[in-house]
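My questions all concern the structure below.
By letter and in written order, the chains are A, B, C and D; residue numbering begins at 1 in each of them.
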Amino acid sequence: MLYSDNITKVCPEVMAAIQAVDQGDSEPHGADSVSGRLDESFSALFETEVRVFPVATGIAANALSLALVTPPYGTIYCHKRAHVQTTECGAPEHWTGGARLTLFAGEHNRIPVAEIAAALENWNPARPQALRPATPTLTQATEAGTIYCLEHISELAELAHEYGLAVHMDGARFANAVAALGCSPAEMTWKAGVDILSFGATKNGGMCADAVVVFKPELMETARYTRLRAGHEFSKMRFLSAQLEAMVADGLYLRNAAHANAMARRLGDGLVERAGGEIVHPTEINELFIRLPTPVTDGLVAGGIPIRPLAKDDPRPFFRFVTAWNTSPADVDGLVACAADLAT
Amino acid sequence: MLYSDNITKVCPEVMAAIQAVDQGDSEPHGADSVSGRLDESFSALFETEVRVFPVATGIAANALSLALVTPPYGTIYCHKRAHVQTTECGAPEHWTGGARLTLFAGEHNRIPVAEIAAALENWNPARPQALRPATPTLTQATEAGTIYCLEHISELAELAHEYGLAVHMDGARFANAVAALGCSPAEMTWKAGVDILSFGATKNGGMCADAVVVFKPELMETARYTRLRAGHEFSKMRFLSAQLEAMVADGLYLRNAAHANAMARRLGDGLVERAGGEIVHPTEINELFIRLPTPVTDGLVAGGIPIRPLAKDDPRPFFRFVTAWNTSPADVDGLVACAADLAT
Amino acid sequence: MLYSDNITKVCPEVMAAIQAVDQGDSEPHGADSVSGRLDESFSALFETEVRVFPVATGIAANALSLALVTPPYGTIYCHKRAHVQTTECGAPEHWTGGARLTLFAGEHNRIPVAEIAAALENWNPARPQALRPATPTLTQATEAGTIYCLEHISELAELAHEYGLAVHMDGARFANAVAALGCSPAEMTWKAGVDILSFGATKNGGMCADAVVVFKPELMETARYTRLRAGHEFSKMRFLSAQLEAMVADGLYLRNAAHANAMARRLGDGLVERAGGEIVHPTEINELFIRLPTPVTDGLVAGGIPIRPLAKDDPRPFFRFVTAWNTSPADVDGLVACAADLAT
Amino acid sequence: MLYSDNITKVCPEVMAAIQAVDQGDSEPHGADSVSGRLDESFSALFETEVRVFPVATGIAANALSLALVTPPYGTIYCHKRAHVQTTECGAPEHWTGGARLTLFAGEHNRIPVAEIAAALENWNPARPQALRPATPTLTQATEAGTIYCLEHISELAELAHEYGLAVHMDGARFANAVAALGCSPAEMTWKAGVDILSFGATKNGGMCADAVVVFKPELMETARYTRLRAGHEFSKMRFLSAQLEAMVADGLYLRNAAHANAMARRLGDGLVERAGGEIVHPTEINELFIRLPTPVTDGLVAGGIPIRPLAKDDPRPFFRFVTAWNTSPADVDGLVACAADLAT
């Protein structure tokens, strides 16, 4: 099954970390030793002092992040296909107390800087009727499986900062983007101007572990209160912290992501070469968006492979495949072979 | 360490269940088979058709429950020492959109029915200034380690229903209360008039598993949407569902709780008999509230036992001990012996 | 000045009504006699039993209306140029507790029924990620100065009701629409399927008087509580109620609106015939959207007439003129003459 | 009728001001000239630069004020009989996004500084479970008709500022308190440490005019956005601004209040001397709280005077009388004479 990366099992290192903290009693609510050293681990990872707020889901990470930097009368700038808009049931609105999402188009799900610039230039502070510009949010990697290059992020952040706005990065597939860019986590975030980050671990081999990484210490207090009243401060926090620690401890997050990325490219290459596939979005991470001949897709469905066209009404529908930390070359090659057979 | 039941490790059966679902891929967001049969398990447990909404924490369970039955302009009736008031950072206010908690006193943390009756009689629907009475919430067992008897619950629920109000039960220690009463889960909830329940498993041996049990089908839709936007619908839901399933599957929840309860009684008996202890609240579940001679408490602290007086200014302070599913008779007896030595 | 209908003075009948209630003491918070008979007046006007909730502004009327029928996890369907979207600073989000606006295009600011139908068909109740469809809101008359015909409203409402949704009408210019259609208020609202109405009086000669008209009695309780906590239940409510009573008492609302409508047509006709104007949206109420030759608009601006192009970047910008209850034929003719001079 | 000061007509100067601005067209949303100079008028009144945000009601003024300085996870410190707690239907909770009111007792409805001090000392920033201390709010004058002396206010504000908290004053009867203290508005507010003020004019002769006075410029932006989305920015703002301007222009607010205060004392003196009255709270403003012999109160009720005991269950119930700007000595003397007759 290659249709999502949140269907996989927990990767062994993370499961081992969970079991390792399941020994005897431990202080609750983050006062345990694993949780206590998490800020340090992430500060090392990001090469600057950060605070980490683990939460149960990516939706919580995004909504908490946005609530920290967006007033209720603010508007969040996001791509019209961003996860915060399409798939989070209004979590940003709920957590911020009624802020709004302003939607932007943009090829391969990237928001062009010029679009944000135009919106900000049109802003008239003397006319509050249209809400206050608040927080550009970038999904890195995007929902189209593409990534923002560092220059794009920097340029956008610089613009936002000129207007006094904070920049959020939805990093549900943060590791995949870092692996793809070959840069450091620091370069892709605060060095490029990102102020707050949703760090995703669940899709990358975790069990239930995402986190808000706060680069600005003044947001720390609000973060802790908000997380608590949202019900995301686990009483047995160590089981959450341990997952994140295992992820970043020795580069596991990056190995898992690099592998998944490679599997997506392998799948794409195979389907293009052998099954008549046409790439729709550049395959930059672990997601493949591809058009396939109808006999192929019909045959796959008939064979029990759960694929669905992304836009039902599209005359030339395309499909999404998602690889994961545990997708094997054999899985990929098997699917390619099957498609190749159907294509001939 | 006997100062909380959320400091313990995960009980082996629950950990085994987590590992059992960590096999291969599985549908996300509750579409997996374990999550799929959870409603059935809980319906069997409660001897009626219910819907279960697992969430990460007890705070989330309480806040989601209250948000389902309380309008933003409603007021929740709770004991002034209820967890929702003292320890949840305003989660009820946040999730309901600004409802209020109205506080009641009552011996051993139980709200007398007469107090609720008086409040409802004073309600003047033509005077909305004082908010609308909305939801009595009972903590079962209470924060004083006591339980509401079935008659108390029924009487209170009957009264609430007369006024068209729903009744919430905060069951963070639900199992301990069931074990103490020797009744069925059904008798302690819907048969007594409870409309919505926070079912706690984390304190009772879970890792991060509490749940909202909905006895009224019409609340189901709101429950799912609200949980999702609050970030509590795990993408890998099976890891959450499995914990709850293991808990109720063959009575584990009850065995764990009965054991913890017995350990608290054993500790209380020992400290009273051998260390000059005086019971403050009846020891009905796994919590012991006790006054101890100063030499005893000083000695325990000096010996590294983490106990704290509950009310600093009290001239005769008292202490809380909490036993858990994994507290051993030896743990208890050791502590008693140590206290007995100090008392002489 | 013909650039807005909220810049005018209060019409004499309304001012007289305000002064008439300024006699001696009177019960507060709507218990006075004028407020007491307001439901009756509006029930007569609408030929059915309604409840009226006066508020200070049109924004409050819209937001209260929407909050009555939209859950926090719901999405409101509106035109992308609807006042609730463009000009209310997120009031719907604030009052509903974080609902969302879903935007639709449509010629002359009318939402095509087919667009709503498509959105509803795409709704998958098993996928709450995309929020729950909640409330179509129609601006009658629209922000383009056009009206929905009765069939359009009925068709849209029938569709909404099939899905169990309530329909809201933003009637900031309700009277202008009724006058234009020549129908009864009943025909344009509940007989066509409207469930809740923002009734605007401020633009039509009031001082600070808009109202929510509730056609469903079960919304009454929530309406009163919500209005109160939003700070819109005036302690001296009679001054608000009197304005609304004067408006509907003997058809004043309709006379004012019909006059304003006629003046807009007169202005449009004049500018088309004598100043090279080109109508942009049909002139159906008291708003005129028109393109004018550059020399005309430049000359008007030079002469101190405050007109502004509506879309700055439009190569052929157009202008909005708004007439009001007190616009005189002489005002109109003077402007036309001036424009005609500039055009030659 | 002496049971409330929100039952009176509008005072002639305010009505004249309303009519004075009802001339021709005027810019909407506060861009008119009267609104434009309001900040200046209030800055002169308060002897420092302030910003004024007129709103329709006192509830709105309080809720907006509190929302400006209280985070959603904050707790507001108020007297348990404060209007924000007893009579505003949860407006503070609604506007702040779910903050809480923490209640304090205190003689004659004044919060002792020591109580606030104790609460703040108990605050443990490492334990967010109990919410964050946020905003002490003082009702000046109180709901018991008493006033805080300047030293009390200063002391409390100094304490709050030590903890980084802002201080709110609910001045629904601000003028009455200023008149009673014989101090300047500046002395009673910012010079004593008040950071934000609800300035009440409705009870003091206005029609629908209360305002938030902001002493800290950094709150200005949030104030405007929040007021707008709450529906309190009147499109025809001049009718609201004119009321406030008339109030402060030449000391009208103070004359009205001083008169009302004098009438309450006259009434109290008369009822004590001639009808067996016993004062319950010191009569410091325009409210009288008094016990009267049962024959007197029975007789008054029988005679159609609308008085009600404040606490039904009190064995010795007492009554509230409220005088206003237009209460005449004859009104007072007539009531006293009537009571005196009944007492003999």
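One rule holds for everything that comes next: a contact is a pair of C-beta atoms (placed from the backbone, for glycine too) under 8 Å apart; a residue touches a chain by one contact, two chains touch by 3 or more.
Quick caveat: nothing in here was measured; it's all calculated off a predicted structure.
With contact taken as defined at the outset, chain B and chain C are each touched by A, D. Judged by contacting C-beta pairs, the busier of the interfaces A-B and B-D is A-B. Distance between chain B and chain D, defined via averaged C-alpha coordinates, is recorded as 42 Å. With each centre defined as the average position of its C-alpha atoms, the distance from chain A to chain D rounds to 50 Å. Chain B has its Cα centroid 35 Å from the Cα centroid of chain A.
Under the contact definition stated at the top, the residues of chain D that touch 2 or more other chains are 72-73, 88-90, 93-94, 97-98, 128-129, 131, 225, 228-229. Listed in rising order, the residues of chain C touching chain A in the complex are 72-73, 75, 86-90, 93-94, 96-101, 128-131. Touching chain B in their complex are the following residues of chain C: 71-73, 97-98, 125, 128-129, 131-132, 221-222, 224-226, 228-229. Partner chain B is touched in their complex by these residues of chain A: 1, 4, 6-10, 15, 18-19, 22-29, 55-61, 63-64, 88-91, 93-94, 202-203, 207-208, 225, 228-236, 239-240.
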